[in-house]
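Here's the structure, in structure tokens; my notes come after.
Chain IDs A, B, C and D follow the sequence of writing; residue 1 opens each chain.
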Amino acid sequence: MLNSEKEQQGRGKKQSQLREVLKRLMKNKTAAVGMVIFLIIALASVLAPVLAPYDYAQMNLDETFQTPSREHLLGTDEYGRDYLSRILYGGRFSLGLGLCAQLFSLFFGVILGCFAGYYGGKTDNLIMRICDVWQSIPGILFTIILCAALGTGWINTVIAMGLGGIPGNCRMIRAQLLSLREREFIEAEHAINCPSGKIMFRHLLPNAISPLIVSSTMGIGNTINGAAGLAYLGLGVQPPTPEWGALISAARAQIRYYPYLILYPGLMLAITILSLNMFGDGLRDAMDPKLKN
Amino acid sequence: MKLTRRDFLKVSLGGAVSLSASMLLAGCGSGGSEKQTGHTKIKVGVSGDPKSLAPYALGNDARKMICFHIYQAAMHLLKAGDTPIPAICESYEMDMDGATVTVKLRDGIHDHDGNPFTASDLAYSYNTTKEVANSASYDYFTEVKAIDEKTAVIYYNPTDIVKRNNVESALAQGGVYMFTQAAWEASEDAMVATPVGTGPYRVSSFSVGAKVILEKVEDFWQAEAGYEVPRDYQANFDEIEISVITEVSQIAIALETGDIDASANVSEQDITLFQEGGEHADDFKVVKNEGFLGYFMTFNAHTELGGNINIRKAICHAVDLDGMINTLAKGEAVRMNAPYGTASSAGDYDPKWDEREYFPFSMDTAKEYLDKYLAESGKKAEDVVVKFAVQNNANCPKPAEILQAKLLELGIGVDMKVYDPATFNTILTEEDSYDFTMYCMGWNGVVNAWQLNDSSNYYYHFDKESAMYQELLSYTEPCMSRVTWTQEATEKLWQYVYDNAWVRGLYKNYDNIVVPKWVNEVVINFNRNCMYGSFVHD
Amino acid sequence: MINYIIKRLLTLIPVVIAVAIVIFTIMYFVPGDPAKNILGQDATEEQLQRERELLGLADPYFVQLGKFLYQLFIKLNPGTSWLSGFPVMTELRVRIPRTLLLSFLTMALGVAVGIPLGVTAAVNQNKLPDKLCMIGSMTFISIPDFWLALEAVILFGLRLHWLPTFGMSSWKCWILPVVCGSLPGIASNARQTRSAMLEVIRSDYVATAKAKGLAPGAIKYKHALPNALIPLITMMGGHLARCLGGSMILENIFSMPGMGMYLTTGITQRDYPVVRSVVVILAIVFGVVMVLVDIVYAFVDPRIKAIYENQTFNLAFWRKRKDA
Amino acid sequence: MKDNQFLSVEDLVVEYTSNDQVIHAVNRVSFRLDKGQTLGLVGETGAGKTTIAKSIIGILPDPPAKVRGGRILLEGEDLLQLDDRHMQKIRGKKISMVFQDPMTALNPNMKVGHQIQEVVELHENVSRKEAEEHAKRMLEMVGIPRDRFYEYPHQFSGGMKQRVIIAMALACKPDLLLADEPTTALDVTIQAQVLELIKNLKVEQQTSMILITHDLGVVAGLCDYVGVVYAGEIIEYGTLEDIFDHPTHPYTIGLFGALPSMGKRVKRLSPIHGLPPDPSKLPEGCSFSPRCPRATEACKKAPVEMRNLGGTHECRCILADKPGDR
């Protein structure tokens, strides 16, 4: 009975904490604006099939490079495909790429970090040295090599970008866990011989996760930006998929003649990253009140 | 006292330094090219990095272009497929059964450092190239021996000598450049950065991956000894400055800011700036030169869809060739009416093929063939998914996207994957990972594409033990050997490949060469490289 | 202090060896056959086989690995590029300085402009400079650097003729790439400095300094900034990685042949010696810089210096401290 | 009115605004301090004691805090009217402050000696050499060996750090020392030493001092006058004897009731019930009325003025007409 009572109390606490964070978040205007913009973009991408006036792959070779007009709100690209629908569908791939890569690196980073932070000693040292090696190949270089190794395409790019982020998250979680581990409520857990897995994921993690969530929200934008860089080098997502990074890189040849081709995906990318950063800032302040100015 | 190479370099370096200093003051970015009469210098922009200028190195167009200015081969070709004309060697005799070729050298030959060039140097060049390059592309000859000062014998690999065009052109096109033993031994870096050849130009400065400056060789042996110098060996400029510009859109900008005078790598989008009616039409002109790389599609017999004649025909007829040419090459491209060849590039190309219909684009015929397949296989259009492998170089994915859109219109699914060139080569060898491919390759003959050996790509598409393979061989075999080759055999091969739709040639882009107005005539060599040094100008 | 640096450099060696093994394994399992890539389409099967033997690709994984490590670390000979026959060392001796110079210049500009921007934004918080700085940094973080570079080339190179657009013939050629490369760096540095400064400005010792009668400027630069710099220095490692990655793309746009294109073409053409040696050398450079960052970290933060200096500390303790 | 009045604070009002809520931290506080005297400001935490001190020395953090009114006359000069450049000359020279938490009050990145030397160089136009010598002397004065001049704050214990802060504060012989709970963060033994140190230096340098604390024992040991602060107002003011022997305001009585004393046999301490009022919504009338056992209707209506109970003893309570006795 004692345990269940603690459960309620524990769950109650977490719920209120979540509501607390949301309340504080709403109060912070920039974060709210950021979240709203991001939701609009995410919604537009998800509803792409409904919103998009044309199918994104439907070509019309005698209507190439149309500047924005009534039928084609954002004009057409070099094959006469409607650019608005390509950008909307592109949103799916780009946001998907950003989200999945971050979730991928968050997932593995957290597991590695928890083991390193919680068990300490040899496992900690081993995992830390692996992270050292992993991080000593500079960021984008590691992604380039992985992209070449795994080959091009959306899924391979997600894996390549995701793998790059794991050591960073691992270190962050480990640092949090190290400081939390000594706290009394963890010793209390030991006292009632709560299984270590439960301690790690039910109690340690919720307290340690907040900085990671902040860094991941900002990471999404950088991942999409990185994908544009990869597409420029001819790796990552390849032309048929209308991912924003690939669109920007493909449009660079026409930068002088049809600037709108690089402008629109670039703007969408910029707005997404802007909104994510604003949301991330707000989230960090909401989650960590003492940081509030 | 002959200037040894070391102090010559010192002098030229000094010259280069003062030259670049003056250029620095003039602000290397500002002002158009010097407008004095009798241009003595041409600035060229290339998009590929020549990397190494050693005589044996393999490599891209930029390297080949520079090497053709510096080195000479045993013989010389004016146009691919012609009979070679004298260069280093006066003449050659072929002995088919003994599998040897004996060559007679001209006299008065010396390299840039003044070392005399004898038959032993020719033998040395061949043998060193074969040994140093350690690459199988020099397997066509085994060894070269010098008999006396002026004659040498090249021992061919017996199986190769039979191949039709491997003998004569190998003397010019075989990738072996002439250099003297003395120069080779004197060079520390195996001539990678300090090449010493016998050609009309020599390297005066070389900064890795950025800029190569070529300088006219005053005492060019061929002119000095009074021989007639072919038009692509004339040295009409004192200096050629070759800058490597890796970003394609920057080449047009470099032309407009005057950093470079000419380039053959301007992108299709930017070319309109320099053609008539373009912004810079009055300073530049564009010369069209048929490209080397052509786009085409091949089908994989191993898979169920690739092996089916109706599907192949449906896909071939779904190719909107005019749409591709107008969209991607602004209407400027050479259509291929035969697998792998065009009239000008392939010696064995039969002109009457151009009059024939070659898979005319019509969605209805494509639909017909598709329905035939659907009836045969009992499948519905939706659940037919074609696996399409595309090579990711020289803009291959662009025509592939147009084809993909057309096939989607047909109602069948297209699982299109773009592979970088290296991975693409391995994908070809995997039997079931693709139904058909699109890639671009350069061949100088319809037959040349099939004839080489059993490991070339197209044979991968066939199951070696299948009857189809034997049938294919029955058509390619007669064209293989130099002895048994006839035009009818090539015609039969064309017909067989067309009827079975094994290969569908698409088109070849033109290489647009942008040159300044003061260049009157653009000189292209047999290998389609621009010989900037020999451009005729006022 | 010195023996700490030596100890720290010694730990670098196993890391670099591990990096070499990792990159070797990745390239070993990468699809694509180098021999076919070199000989082209028309090579026969036994020609390919002979080429693989020549390149040493035929022998088993561990033999190849052993040879590679022996050549690289003992003979210090990274071999020659399979495609161009150019010894990798000569090429790198020319290319490494260009990439490193570009990366360090962009990093330096990023720091030199980013940090003061961050400080001014933090000091007059929620006033105009703060808002401007934040909006500016938000926009520059989100623009891909190659788009920025291309627009800059068109504007400054083509339209205004102020600056050369490519190559390295004069120092003026470096202006555009360095500025374009440093903008994302400036943006992120400004943001991080601002949040670090905000935290420091609210601390007690700044109140003490004010109580002592120091002028706001003196407080800002003598007391607040040194303490705000400490967390920034740990970010320098990540900042350098971004600059290194960014310079790879900028090198291509401005045709400044550095490690970037050399590596990417090496990868796409399966030129193993090039890829392996470039990655190992980059890892070494990156490792050494991280050690430098730690040493600078010690100079700036006396508490860390104390840990380094007293002999009794053991590596594990220090590791934990640094990783935390 | 340049009489010997050293410091006079008249009707000081300070408010904090944080996300559109206004907090009345200090409401019309007035008190006087003669040269060489020590005033103890006593009260619960959050009563506004520190705000008063910070507004005197002028280091209130500007965005949230704002001085709404009143005057702070130091030797006749109103500090609130001075611009910042002027105030910089006064801070550290005429007025200096000792902070509560020694652990974070010193710049962790600067050598201890230099932090003292800095204030000396700032206010005394002496050469760097002399300033260093002066700083070393100050260190010795507070009982720290002079060769620890070049060490960093993290190499000192809490007590030692507080000594450095005191050395820094008294380096330029200020006329007025503001001590904001100097010993709260220290354990008892160190507390006694630090208080002893402050006492000796105060006498030696004739500095007048405002001591802020919630510990009546400390006040007893050091102060000449005492002001009891509650909810941003001084509710009782007088000499040490007035307050300790004749506490009249119910809150002051409650304070002493909550104090365990060795002499009396008391079974249970009598805490003051309830909590201090919310500073953003102060009650009408006497701010202590909600918690005052003897509160009447009159107390709740109008704000209560300070009333003189004779001599130096004043109290802000309408019921109080003569000094009570304990």
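The working rule: a contact is a pair of C-beta atoms (placed from the backbone, for glycine too) under 8 Å apart; a residue touches a chain by one contact, two chains touch by 3 or more.
Note that this is a predicted model, so its numbers are computed, not measured.
S.K.: Skim through the chains and flag the pair connected by the most C-beta pairs in contact.
M.R.: Chains B-C share more contact pairs than any other pair.
S.K.: Between chain A and chain D, what's the gap in Å when you average each chain's C-alpha atoms?
M.R.: Computed value for the inter-centroid distance: 51 Å.
S.K.: Averaging only over C-alpha atoms, locate the centres of chain B and chain C and give their separation in whole Å.
M.R.: Measuring from centre to centre gives 38 Å for this pair.
S.K.: Distance-wise, how many Å sit between the C-alpha centres of chain A and chain B, to the nearest whole number?
M.R.: Distance between chain centres, rounded to whole Å: 45 Å.
S.K.: Using Cα averages as centroids, what's the distance between chain A and chain C in whole Å?
M.R.: Each chain's C-alpha centroid was found; their separation is 23 Å.
S.K.: Can you tell me which residues of chain A touch two or more of the remaining chains?
M.R.: Each of 148, 151, 234-235, 252, 255-256 in chain A touches at least two other chains.
S.K.: Give the residues of chain D touching no fewer than two other chains, as numbers and ranges.
M.R.: none
S.K.: Touching at least two other chains at once: which residues of chain C meet that condition?
M.R.: As it turns out, chain C has residues touching two or more other chains at 31, 125, 150, 154, 202, 252, 268.
S.K.: Per the touch rule above, enumerate the chain pairs that touch, sorted by label.
M.R.: A-B, A-C, B-C, C-D
S.K.: Spell out the residues on chain C that touch chain A in their complex, using ranges where they run on.
M.R.: 14-16, 18-19, 22-23, 26-27, 29-31, 125, 138-139, 141-147, 150-151, 154, 195, 198-199, 202, 238, 240-242, 244-246, 248-249, 252, 263-264, 267-268, 275, 279, 282-283, 286-287, 290, 316, 319-320, 323-324
S.K.: Applying the document's contact rule, which stretches of chain C touch chain B when the two form their complex?
M.R.: Listed in rising order, the residues are 31-34, 36-45, 47-48, 50-51, 54, 81, 83-87, 90-91, 94-95, 150, 153-154, 157-158, 161-170, 172-173, 251-257, 261-262, 265, 268-270.
S.K.: Along chain D, where are the residues that touch chain C in the complex?
M.R.: Within the complex, chain D contacts chain C at residues 57, 59, 61, 63, 84-85, 87-93, 96-97, 99, 101, 104-110, 118-119, 122-123, 152, 154-155, 165, 168.
S.K.: Which part of chain B faces chain A closely enough to touch in the complex?
M.R.: Touch residues, chain B against chain A: 248-249, 267, 269-270, 320, 323, 326-327, 392, 397-398, 401-402, 404-406, 408, 416-420, 423.
S.K.: Can you list the residues on chain A that touch chain B in the complex?
M.R.: Interface residues on chain A, with respect to chain B: 57-59, 61, 64, 78-80, 148, 151-153, 234-235, 238-240, 252-257.
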